[in-house]
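The two complexes that follow have subunit A in common; it is paired with subunit B in the first and with subunit C in the second.
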Partner chain A sequence: MDFDTLAQQIVSGVMTGSIYGLLALAMVMIFQSTSMFNFGQGEMATFTTFLAWGLMLHVPYGLGFALAVVIAFFIGAGLERGLIRLVEDNPMALIIVGLGIFLIFNSLGGSIWGPEPHSFPQPFAGAPIKFIGLTIGKHNLYLFVVAMVLTSVLYFFFRFTKLGLAMRVTAANRTAAELMGIPTGLMLMLGWGIAAALGAVAGMLVAPIVVLTPAMMFFVLLFSFAAAVLGGLDSAPGAILGGFIVAITQNLVGVYIDDWVNFLHLPFDIEDPNQYRDIVAIGLIVAVLAIRPRGLLGRPLVQRV
Partner chain B sequence: MQERKVSLVPAPIEAAAAVFIGYFFWFLADGWKGAFIGLAAWAAVVVLTRLTAPLGTRQRTANLALWLGLAVGFVAAAPFIASGDFRTTQMATMGYLAIGVLSLNFLTGYTGQASIGHSAFMGVGAFTAAIMVQQWDAPMILAMGGGVLAAATLGFLVGLPALRLSGPYLAIATLGLAVIFAPFLKLNEIADYTGGRGGINLFSHTFSFPIDLGDWLNDSRWYYYLTVIFLGLGVLLLFNMLNSAVGRSFRAVRDNEIAAAATGVNVSSTKLTAFTISSAFAGFAGCLLFILSNRFISPESFSLFLGIEFLMAMSIGGVASIPGSLIGAFFLVYVYREGLETISTQTEGGSNTWLMLAGAALGGGLLFGSRWTAAMGRKYAPLIHQRYGQAIIALLKLALTVAIAAAFTWLVRLATEDLLDLVALRSAFAGVLLIIVILFLPYGMAGLIMMVQMLRWRDLLAILRHLVQPPAEPKPPTPPEPVPAPAAATD
Partner chain C sequence: MSTAVRSDVVLRLSGVRAAYGFIQALHGVSLEVREGTVVALLGANGAGKTTTLRVVSGLLSPTAGAVEFRGRNTSGMSPSRLVGQGIVHAPEGRQIFGDVTVEENLRIGAYSRPWRADIKGSMEQVFGFFPVLKERRKQQAASLSGGEQQMLAIGRALMAEPRILLLDEPSLGLAPLIVQEIYRIIHSLNREKGVTILLVEQNASVALDVAHYAYVLETGRIALSGTPDELRGREDVRRSYLGY
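Let's look at the complex of A and B:
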C-alpha cells in the first residue's frame, strides 16, 4: 500500500467531509427541535445557490454570498412558521410535508433555470498547492476553512451565548423552556433559518466542484444524511465526525476496493471501483441503522410510558 | 339495520363528481371515449368506498347494487371503448400502480411503518421475473411467482433491521435502499443478468401460457383484464385480512406499540409480517410493470422518484384506505403524469375552461369553506337585510368566486405564456397539493368522498333552504349556579 496515495485520499476525504458535516449539522439542528428530517433541505440549498449564481452575475462574490445566506435564512424561517408549525405533532405528516417541500423546490429550480449545468464562480481559482507530497486544490482548502470556521462559530454560539442556550433548551425540553419564559416558537423559527442558511453555504461551496444543476445537491444531501445518521441524530460533534467518516470511506473504497477483493480471494474482479463508492456510502446508513440505530455518538432512546 | 329499497338515484355529490370526471376525461382524452374511461374509474372508486365503509352505515348500503353493476360493467367494457392500445395500456398501468400504492398503504397507512423505498421492492419483483424469463424462458405465472417470492424475501430481510427503527429513521433507511437499488443493478459484475445500464429488453418475447390464447396474448386488452382481475383479488385479500384479527393487530401496532404488546400482540412478528406482505404485493406490481411495459425494464424505472410518487399517491388518495389507493393511482396516471401536459397544451391552444374551473374551485373553497367567512356572513347578514341577508351574501360570494376564477385564469395565462413551463412545474403542483391535502384533508380524497356520500338530495335541499332563511341562532344555555367546592379534596 502506497502511503502517499493513502494520505492524499484521507486529506481530500477530510475536505469533502467538512461539507457533509456542515449539512449534517443543519440536519441535526432541525432533528433535535422537530424530530424530523427536512427532506427538502438539499433542494432548498440548490435553490438558494441558483439565486446566488444569479446575483453574482451582477454583484461581487462576497456580497452575493451574503445575500443568498440571508435569503435562505428567511426561506427556512418562513417555512417553519407557515407550514411546519401546523403539522409538528404528527410524524407521518412531517415526513410527507418534507417530501412536498422537496418536490416544490426541485421543480421550481428545474423550471426556472433549466436542466443544463452552469458554472458557479470560484473565489480562489488557480493551480493546486503542493505540500509535503500532497496536492490540495485551492477551492477545497477554502471550502474546508469556511466549513470549519462556521462549525466553530456555531459551537461558540450554542455554548456561550444566551440565545444559543435558549435554543438548546427549546430542543431539549420544550415544556420546560416555555415555563422558563423562552419564546420557543421564535427559537424553532431561528433554528430552521440557521439550518437553511447552513445549507445555502454548503450549496455555494460545493457548486464549483459538482457544477450547478437542479439535481446537484441530491447525492451531497444523501451523504450528509449518512453522516448525520452515522454520528447520531442528536449529536452535533457526531455529525461532523460522521461527515469525515463517510467522505473518507468513499475515497478509500474508490481506490482500494480492488485490493480488498483480491486480498479476500473473492471470486470476482472489480472492473469499475467508482461504481461502488455511492453504494458503500449509502450501505453504511443501512448498516449503522441496523447495528446501532442511534448512531455512534447518539444517546439511546429512553421512553416513559 | 333497516332494509332499504335499492334506489336508482345516486347521491348528489357522486352524481356531480361523475359529471365533472366525465367532463375532465372528455377534455383530457379523446372525447366521449375518454369520458367513459373516467366514469369506469369513478364507479370503481365509489363501489370500493361503499364496500369498505363501516358495516351498517348509509354509505355502505345506499345504492350499492346500482354502483356495483355500473362499476363491473364500465370496467369490463372500458378497453373496448377506449381509443387504441395506448389508452388500454394506460388503464392497465393504473391497475398495477394501484397495487403498488395499496402495498405501501398497507405498510405505512395500516401498520405505521414509513417507507420511501417501495420502488426497490417493486424493482426486485420486476427484475426477478425478467431474469427468470430471459435466462430460463419461464412461463408467465412462474415468473410472477418468482418475482413475488424474491420481493417478499427482500421485504423480510429489510424488515429485520427495521424492527429497531421507527418514524424518520425507518424513512431514511428505506430511502437508502431505494437510492442504492439502481446503482446496484448497474454494477458490471452482475450485468450479465441485469443487463447493466440498459436493463432487460424482451420486446419480442411471447409468454408460454397453459391455455392457448392465440392472438389475445399480444393484445393489450388481455393484459388489462389480467391486471384488473389481480387488482380485484388483491383488494379482496387485503380487505379480508385487514378486517380479521391479524389486521386489527397491525392497526394496534400502528396506534401504540406498547399497548399492543400489553394486549398480547407480538409486535416484532406483526411488523415483519407487514413488511413481507407489503413487499410481496409491491413485487407483484413490479412483475405486472415488466409485463405491461413491453417487457422492457431498466434500473431507472425503479428510481427513488417512483417511491416518492407512491408516497404522494398514497397521501393524496387517502392514508389507510383501500379506495384511496385506487384514487392515488388514478391521480398519478391521469393528473400527475398526463394531465398537466394536456392542460398546458390546451391553455396554449386558447381554451380557458379548465383554468376557470380550477380558479372557481380555489375561490369557492376559500369563500364558502372557511369558518372565517361564515362567521363574517353571520355577523353582517342581518345588517344587510333582515330576511334575505344570507342569500345576498351567498350571491356576493358567488360573484367574488367568479372574479377570483377570472383573475386566476388571467394570471396563469400570463405565467404560462411568458415565464414558466407548466410541465416542468408539475412536481411543484404535486408538492403544493400534497401539503394542502396533509393540512386540510388528513384522510385524503377517499376521506372526502366517504364524507360527502352521506349527503342526500333532501339534505342538499335543506342546506339551500338554510342559506335562504337561516334558523335563529339557538341561545347558549345559561350556566348552572356554581356548586361550592367539597371541603376536603382527596387525591
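Let's look at the complex of A and C:
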C-alpha cells in the first residue's frame, strides 16, 4: 500500500463526497421541516439539470446554471405549496407523495429528453492539475469548491440570519414558531425551494462526470441518502461528513478490496473491484447505524421533556 | 358599567364556542380582561382553559362568538398576525426551541417586531427580570432546568412586546419553590412593567395571589367569576380548587 495511492483515493473521495453531501443536506432539510424522505430529490435534480442543459445550448454556462437554480427553487417551493401542504399531517401520505415526486420527475424527464445520454458542459476542462503527487481533475476541483462555498453560505444563513433562525425553529417546533409571529407556511416553502436548488447544483456538478441521462441521479441519490442517514438525519454537518465518508469508503474499497481479500486468504477472487465498493460501503453504514442508530452527529433519540 | 371603564377592556370574548373536530370544547365562553390587570382562568383538567387561550392567540378558530382585541374583532386571524398586534401566547409545556441557544430563543421571540426595533434593549429588560437567563445566554435551551425553561418561555414572549400576555400553566411540573419564584416575577411584570396578563392555571391558590380578577371554567363554560377575595370566600371554590 503506497501512500500516494491512498492520498489520491481520499482526495478524490472528498470531491465526490461533496456532491453526496449537497444532496444529503437537501434531504436533511426536508426531513427536518416536513418529516419525510423526499425520494424525488434526485429526480428533481436531474430534471433541472436537463433544463440547464437545454438552456446552455443557447446561453453561457454561468447564466444557464443560475437560471436552473432559480427554476429549481420555484419548483421546490411550488411543490410544497401545491402538494405537500395538502397532506403534511399524514405521514403515510407523505411517503407516497415522496415516491410520487420521484415517478413524476423521472417519467417527465424521460418523456421530454429520452433515454440517450448527453454530455453536459463543464466550465473547466483540460489536463488535470498535478499537486504534490496528486492528480486532480479540474472539474472535480471546481465542483468541490462550489459545494464547499455553497455549504458555507448556507451555514452562515442558518446560523446568523433572522430568516435562517426562523426557518430552523419552524422545522423544530411549528406551533411554537407560529406563536412567535413567524409565517411558518412561507418558511417551509423557502426550505423546499432551497433544498431543490441544492439538488439542482448537485445535478449540474455531477452531470459531466456521470453523463446526463434521466437515470443519472439514481445512485447519487442512493449514496446521498446513505450519507444523510450515516451523518444523522437531523444534522446538517452530519450530512456533509456522511458524504465524505461514503465516497472515501467507496474509493478505498474499489482500490484495496483485492489486497484485502488476498491478505485474509478468502476463498474467492475479485474480478471487478467496482462491483464490491458499493456493497461494502453500504454494509459499513449499516454496521455504524447498528451501533449508533442516531447517526454520527445526530441528536440522541431520547429527549428531555 | 360606565363607558369609561368599558374602554379599558383590551380583550373581550363573547359567547365563544370552539371544537376539536366533532368534540365541542367551549360552549359559549364570555370574559373580559382590562388593561394593566392580571386575569386568571381557573378550572380542572379539560375544562377548556388552554382551548380558550388557543382561540385568543389564533391557533384555533372559534366556531361561534367573537374575540375582540382592543375593539377589533380578531376571530379567525392567524397567530402570526395576532402576534404583530400584541397578543403573545406562552404556550403550555413551555415549547421553547431546545436546540438553539437561550439568546436565539429570545431573539426569535422578537421576530414580529420591526427591523430596527430595539431588540438589545428588550433583551436587557428580560435579563433584568430573569438574571439566570443572562448567565445561560449562550447555552442550548434544552440544557436548562424546567424552571429556567419556563422563565425562557415567558422571556421569549416578552420579547414581542405584548399588549396582552397569555400564560398557559406556568407552574406546570415545577417544584413549589420554583413556582413561587416564577409567580414573584409574574407579579412584578404586571405591577412594575404594567403588562396585561391572561393567566391559565390549575394551581388556583398561586394564581389568585397574583390576579385582580378570576374566572372559573367548568366543561367549557364559565361557572363563576369574581375577585380573588370573593372566590376565596366561597366554600365550593375552596373545596374544589383550593383544597381547604
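The rule is short, and it goes like this: the second predicted complex is superposed on the first by the 294 of 305 C-alpha atoms of A that agree within 3 Å, B and C clash if a C-alpha of one lies under 4 Å from a C-alpha of the other, contacts with A are read in each partner's own complex, and residues count from 1 in each chain.
Following the convention adopted for this analysis, contacts are C-beta pairs under 8 Å (C-beta built on N, C-alpha and C of every residue); 3 or more make two chains touch, one makes a residue touch a chain.
Everything numeric here is computed off the predicted structure, so don't read it as measured data.
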In this superposed model, does subunit C or subunit B come into contact with more residues of subunit A? B
Taking the superposition as given, does A:V211 touch the first partner, subunit B, the second, subunit C, both, or neither? neither
Which of subunit B and subunit C A:L86 touches, first, second, both or neither: first
Answer with first, second, both or neither: which of subunit B and subunit C does A:A66 touch in the superposed model? neither
A:V169 contacts which: subunit B (first), subunit C (second), both, neither? second
If we overlay the two complexes on their shared chain A, which of subunit B and subunit C does A:I182 touch? Say first, second, both or neither. second
Which residues of subunit B touch subunit A in the complex? 108, 112, 114, 116, 160-161, 164-165, 167-169, 171-173, 175-177, 179-180, 183-184, 186-189, 258, 308, 311-312, 315, 319, 420-421, 424-428, 430-432, 434-435, 438-439, 442
Within their complex, subunit C touches subunit A through residues 57, 59, 78-80, 83-84, 88-89, 91, 95-100, 104, 107-109, 111-112, 142, 156, 160
With touch defined as at the start, can you tell me which subunit A residues reach subunit C in the complex? 162, 165-166, 168-169, 172-173, 175-184, 299, 303-304
Over in the complex, which subunit A residues touch subunit B? Could you list them? 31, 35-37, 83, 86-87, 91-97, 99-104, 106-108, 110-112, 222, 225-226, 229, 233, 268-272, 275-276, 278-279, 282-283, 285-286, 289-290, 293, 305
